[in-house]
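Can you read through this structure? Questions will come right after.
To keep things simple, chains are lettered A, B, C and D as they appear, and every chain counts its residues starting from 1.
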Amino acid sequence: MSALAAAPVPGRLAKLWSATPATLKVGGAIVLAWIVLAGAAPLLSSFNPIKVDVLNMLKPPGGTYWLGADALGRDVFTRILYGARADLMMAFFGVVGPIILGTLIGLVGGYLGGRIDMVLMRLFEITVSFPYFVLVIAIVAVLGPGLKSYFISLTLVNWVSYARLVRSEALVLRNADFVLAARSMGFGHLRTMLFHVLPNALVPPAVFVMTDAVLTIVLGSSLGFLGLGVQPPTPEWGAMIAEGTNYLTSAWWISVLPGLAICSLALGLSLVADGLARLLHTGS
Amino acid sequence: MDRFAFLLKRPIQLIPVLLGISLITFVLIQLTPGDPVRIMLGPKASEDAIAFVRARYGLDQPILVQYFYFLLNAIRGDFGQSIIYRSPVGPVILDRMAPTLFLILYGLALSVAFTLGLAIAAARSRGRWVDQFVRLVCVSSVGIPSYFMGLMLILGLCLKLKLFPVSGYAPTLIDNLYHLFLPALTIAIGVTPILTRNLRATFLQQMDADYATAGRSKGLPERYIFGRHVFWNSLLPTVNLMGVVVSFLIGGTVVIENVFNIPGLGQALIRAVLTRDYFVVQAVTLVLACGIVITNFIVDVVTVVLDPRVKL
Amino acid sequence: MEELVRVEDLAIEFATQFGTVPALKGVSFALHRGEALGIVGESGSGKTVACRAILKLIAANATVRSGRILVEGQDVLAIDAAALQHFRGEKAAMIFQNPSTHLDPIMPVWRQVAEAMVLHQGVGWGEAKARAIELLRDMQIADPARRAGAYPHELSGGMRQRVMIAAALACEPDLLIADEPTTALDVTVQAQILALLRRIRRERQLSLILVSHDLGVIAEMCDRVVVMKDGAVMETGTVDQILTAPRHDYTRRLIASQPSLMKPAARKSAELAAATPPRLAVEGLKVRFRSAQSLTGWLTRRPAHAVDAVNDVSFTLSRGGSVGIVGESGSGKSTIARSLIGLVAAQEGRILVDGKPVGRLLQERPPAEQRKMQMVFQDPFLSLNPAMTVAATLAEPLRQHKLCADRQIPERLAELMAKVELPANLLERRTTQLSGGQRQRVGIARALALEPEILIADEVTSALDVTIQAQILGLFERLRREMGLTLILISHDLAVVRYLCEQVAVLRQGKLVEYGPTEQVLTHPREDYTKALIAAIPRLSRRSDAAE
Amino acid sequence: ADSKILRMGYGSDVLTLDPIKTVYGSDIIIQGMMFARLLQANADRSEVGPGLAEKWDISEDGKTYTFYLRDAKFSDGSPITAEDVAFSYTRMRFQKDSAYAAPFQPLKEAKAKDAKTVVFTLDRRFTPFLTLTEIWNTGIVPKAAVEKMGDDAYAKAPVTSGPFKFVEWKPGDRVVLARNEHYYKEGLPHLDGLEFRYVADDNTRVSMLQAGEIDVCIGYPVARQPELKAAGFRADADISSVTYDMLINHSKAPFDNLKFRQAISHGIDRQAIADAVTLGSGRPATSIFSPELNFFDKSLPLIQRDVEKAKGLLADSGVADPSFELLVSAGIADDEKTAVLVQAQLAEIGITVTVSKIDSTSVWTRLIDGDYQAELNWWYNETRDPDNALRWCAWGAGDNKSYYTRYNNEEVNKLIDEAAGETDDAKRGALYAQIQKICVDEVAQVAMFHPNWLNGYSPKVKDLILNIGLQFSEIDQTDLV
């Protein structure tokens, strides 16, 4: 019965730490490590990631080029470090738009129900069935290539995942006693939706977002032929993999190593997701 | 039975969705810079020639007028002409439906097999190394792009070990089990981790469910509880997730079709989009949309069959 | 008498994120063959853990620190998996508190009854089905051949509990462990299930362990009682001995908290009530739920299925007055509450507050009017926003209705906490970090924060321990007396109503079958239905009639 | 014996089988194998000799060409007459939707004089005309069949005049051809048939060659050359007439500025780019067109990269903001590589290049609309005569505005016309040298290097090369052993 709230701050932190699932700690450490590596890239490598050096093309790993050099003589290690910047950014901004838009739509549809939900659900189905390429081409044509178009096209399409998750939560929550209680105390729909339904509908999207972040990186590289994603010469893992495919039989390091980087980030984020789910589900 | 009333309602809901998709697609692709006639005639053609052909396809009309005619014709079963191939849309895409359909079904069949195997193995040995290993593999393989995976499989299994053909779609069904094994495997490698994570989690959750405890208290063997109770109660979330995955696959097989050179719908769509072959884009989009709607429909039917409580 | 079960010095603890939780701290008790042993104690005292341990149903995160459980001289905790399978089901079986979750939702019920027979006794499925149907008939399920094919959700709560009992008895065990088998059921059904248990115990020479937090139930059913608190046994004895001469303070408190034993609160005289103008008047209230029409229904012009959840209900309440609404499950009690508060629209009838009609739905009522009438929800685990702290929960209505200046809020919060007898240091906790009783009091405090004139309490105590229930009933009584709160108390427990309410309204299938002063209705019920409700109340004193 | 079917894989899709309706590589290659022309080039296209025409006369004024046909038949067994030849040329030259009528502007009339003699009338003396009579879109089609079937149907199942006849076309997948029994060369072709397959992905195509699923892989990533050779495939480069260049928009700043263009021309290292992109299989560019074309001016020096000079030129140009956007078709690895190299090299002289990858159709659209600053592109020439090449890349008066660069120099335009009317090789050479000099000095476009066709052939394939004009001209000689 001793009050958690009254405990002194250090004790509280320690408690929080011990309450944090191990997966969350390990996953967090991996993600954090990449953030640090990305930030400290100039300190860790003396190479310029975009400086081409035709004389050292395709140098295998070892020597000055720890992880080899790519088809333009750029140091793969350095490009992986700097690539983390673009990838972390893609992972982050690639999900921000979808999660906001999707959560709002799912929330409104699920909470208000009725005709609005009907219309939103049709919109949902249209989006799911809509060919992504058409959208990407159109957006790239209007806004030009690059990350901005990438984020916008992702937002316009990927919201459906989050809308689906949030809506199914909101559908249940809108009849939850505490939501009815909020209504009966005279709170408006907006307040009820934002402060009572929303915070309780966030666990599934918060878990999904970790996988989604990795998928956005992969998508960016898979659709590079539409002009999606970062533009050369900016290093980015997915683009590095794509660039290296022609060399897979002769210079494996160009694509395999950034591939391992993505896998490690995926691992980190998934562990965070697992831990987060456990933490949020136990409700403390 | 009332629970199956939705079987009748669905087709009606389909209409606004298909209309919406076709209108948005039509307007968007037409507004995108690029002229299919120019692509058809090539960069060396004269302006005269281009204007002449544009008029022939009615592309000189306002977009909404064109859309109206498209709809009118579509209702009569005529989906227009492929501008790039200078021939009716039908034959251009009909041949391509079978390979894509087969590929997706085959890929799903493998995914389901892998998923069941892995998830059951993991859940039955929860916390032990099999479980941890399955989790690790599932978690870290999400980051492998399918074109990369496909290429690795080709290099390893086709060229090194000479186990499978690199490409192609064979005329008979049985042959395709062999020919399309690698592409289906690539799909499965992409899909299995997602499904397995979900199914394993549901298994673990259901193994702790009250009815499982009740089963134990009756002295039912663990195997029986898992096989007869937990298993069937765990399927629904994964079936639903599979519906979503199929939706993404239906439009997203292009990468795999490219790597394994399978003449499928995904390839047709992407080519049509890249060449602004308006009516092919339109037709393929509608076919894919129907595919997605049918998928959701099947998921709903399976849901209702699996769970007697569900009403739709 | 031969000893069937002996639990010796059992200590079990759970590993959790927050460290180890000792659930049992050296519990010992014994059960003789043919005997019925009751276990009582407050929530979390370890009743369930102890019972499950007898079947070695020990959670994955649990460790047995010490102790033995001997059944017919054999230590259950030491036997191997194969033997355990035979022990479970054939020697001992268990039924659980919540029949809805303990049945597989997607398997026809007969299979769930039959599967143990097939697996333990090697009976074929065909024969097992026939036997299962016989068992269901024996459990007094009407038309068992047809019901056998039903899925759990197609059955009522009472029927589900019968199915579970049938499944437990399928292999004719010697020992039945019943862990709060009736808590989730309403009183009339509870009475039927208890009667059934008594009958089969007699007919089959079953030994029974019955867990309950309701001493009334224990008194009706058991020969001996074990009283538990905080993972330890407080005292053990025969029922009479415990009820008449409790040795332990805790036991005494437990007994005192039984609502049937609580003295009715002071009441306003009927004349006085009639003299004051009514604060709340409900006239001819009617709520009809229409199920969504299906396409097939529409095509065949079949009218949509409709339920009259509330049908022509009228009553009046004066300032400081209180009415209890009772009735079986599904009789429309909650629906009345919801339509009063404006969460569902009444199709017909009027609701008058201080003589003025109010809007049917929340959004048709001005905020000030909304504020006047508040409701406390039935389930304390569902009615508080899990994402909020207690302080935020209580401050939100104050702020929204601008009931006090922002800087006075802390002061008001402290007042509210004091009013519901909660320590102020709980304010910073999340609602999920509170016990059920604490939560329910936060729910009440939240309603009171709006300074309502009318309070509707929907089964606020049914999920609580008797001791906490007693506290909360006391609180309502005080508020009514001191603040002139007008109270509508919904309950299926007539004892609770008797304690608190001046008038009682008996509801059946949406209709008021009886309405009048509490004493009058309880002592001279006119309707058979009311009589049945009264008869279903388990009483400590009724042990003697239960025995025959 | 086993039937000898040659299987080819190519990275783009066949769109039509009607030779007048396309300029695409896939169509050109397959049509070249289906339709015989009046004249025929030898394997490396260095010479043209008799084809369907046994001999020909050119009138004194160079305006009348008379071709005498040999006895030959279409694949349906009907004879190939002068009427068919006149029909084919008229159609190619005058039909509204003919895709490549431009090089034939001087042709005014094509007429059958008798069954075996066809007469072409030109409106001016036009020396390159003879070589043009062997390019793919002058393939002879049967008048009767085209008129009976209509253009659209004919384009899907043509009656052919070349070594192979049409069997089947699955759009987006493959075209299947079989030996034409009626082919005019006795005993040829050696092959029984041919499958032309669309394999979009470069690496897949190579893998298919390695796995024996195709016999010829047209186009492979240069990185895989050593591996192919080591495995015994014939994978040496086939010489092409390709020029890989940076198209620059002369109507837009900063490329309207001569000094700026020159700064760029001196600021890039053509040798290094050629080496890095083609891994040594291509040559740096010195002129505006390929050294494989006649009258290529061998005396033009390779412009060596000179950072100081480039900086000076940039300073002189007075361009305040030396930066531009370089368009690249997304998904083409070599373009991307080149772009990055150009970007890095120009950065050193103070020019900021922003690389934009967009889909190829959008690139073309912006190119044609003039809505771009610079773009990476390549082109090849069908014949060895430079007239066609220059009219494509430097003739401002043409429909395509000097390959959409909007480069328009009256003098160059005049010289091109003059050279086309000249019959004396020495004089033509001098004129073409002058044109090349002006175009290089004025930086009409930034020619960078000349890559070669990288085709892989199974060792079973005998006597097959892709010539400079993207044709397998000796396909009728090709054999599988």
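In this text, a contact is a pair of C-beta atoms (placed from the backbone, for glycine too) under 8 Å apart; a residue touches a chain by one contact, two chains touch by 3 or more.
Remember, it's a predicted structure, so these values are computed and weren't measured experimentally.
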item: Smallest number of contact steps required from chain B to reach chain C; value: 1
item: Chain whose mean Cα position lies farthest from chain C; value: D
item: Centroid distance [mean C-alpha coordinates] between chain D and chain B, Å; value: 39
item: Approximate Å spacing (C-alpha centroids) for the pair chain A, chain C; value: 45
item: Distance from the mean Cα position of chain B to that of chain A, given in whole angstrom; value: 23
item: Residues within chain A bordering two or more other chains; value: 137, 141, 245, 248-249
item: Chain C, residues touching no fewer than two other chains; value: none
item: Residues of chain D touching at least two other chains; value: 203, 359, 362
item: Sites on chain A touched by chain C in the complex; value: 3-6, 15, 18-19, 21, 176-178, 180-187, 191, 195-196, 199-200, 282-284
item: Contacting residues of chain C [partner chain B, same complex]; value: 55, 57, 84-90, 93-94, 96, 98, 101-107, 115-116, 119-120, 151, 153-154, 164, 167-168, 170-171, 294-297
item: Interface residues, chain B side, partner chain C - complex; value: 2, 5, 8-9, 209-211, 213-221, 224, 228-229, 232-233, 306-309
item: Chain A to chain B touching residues, read off their complex; value: 122-123, 125-126, 128-135, 137-138, 141, 161, 164, 211, 214-215, 217-218, 221-222, 238, 241-242, 245, 248-249, 255, 259, 262-267, 270-271
item: Residues of chain B defined as touching chain A within the complex; value: 13, 16-17, 20-21, 24-25, 28-29, 31-34, 136, 139-148, 151-152, 155, 194, 244, 247, 251-252, 254-255, 269-270, 273-274, 281, 284-285, 288-289, 292-293, 296
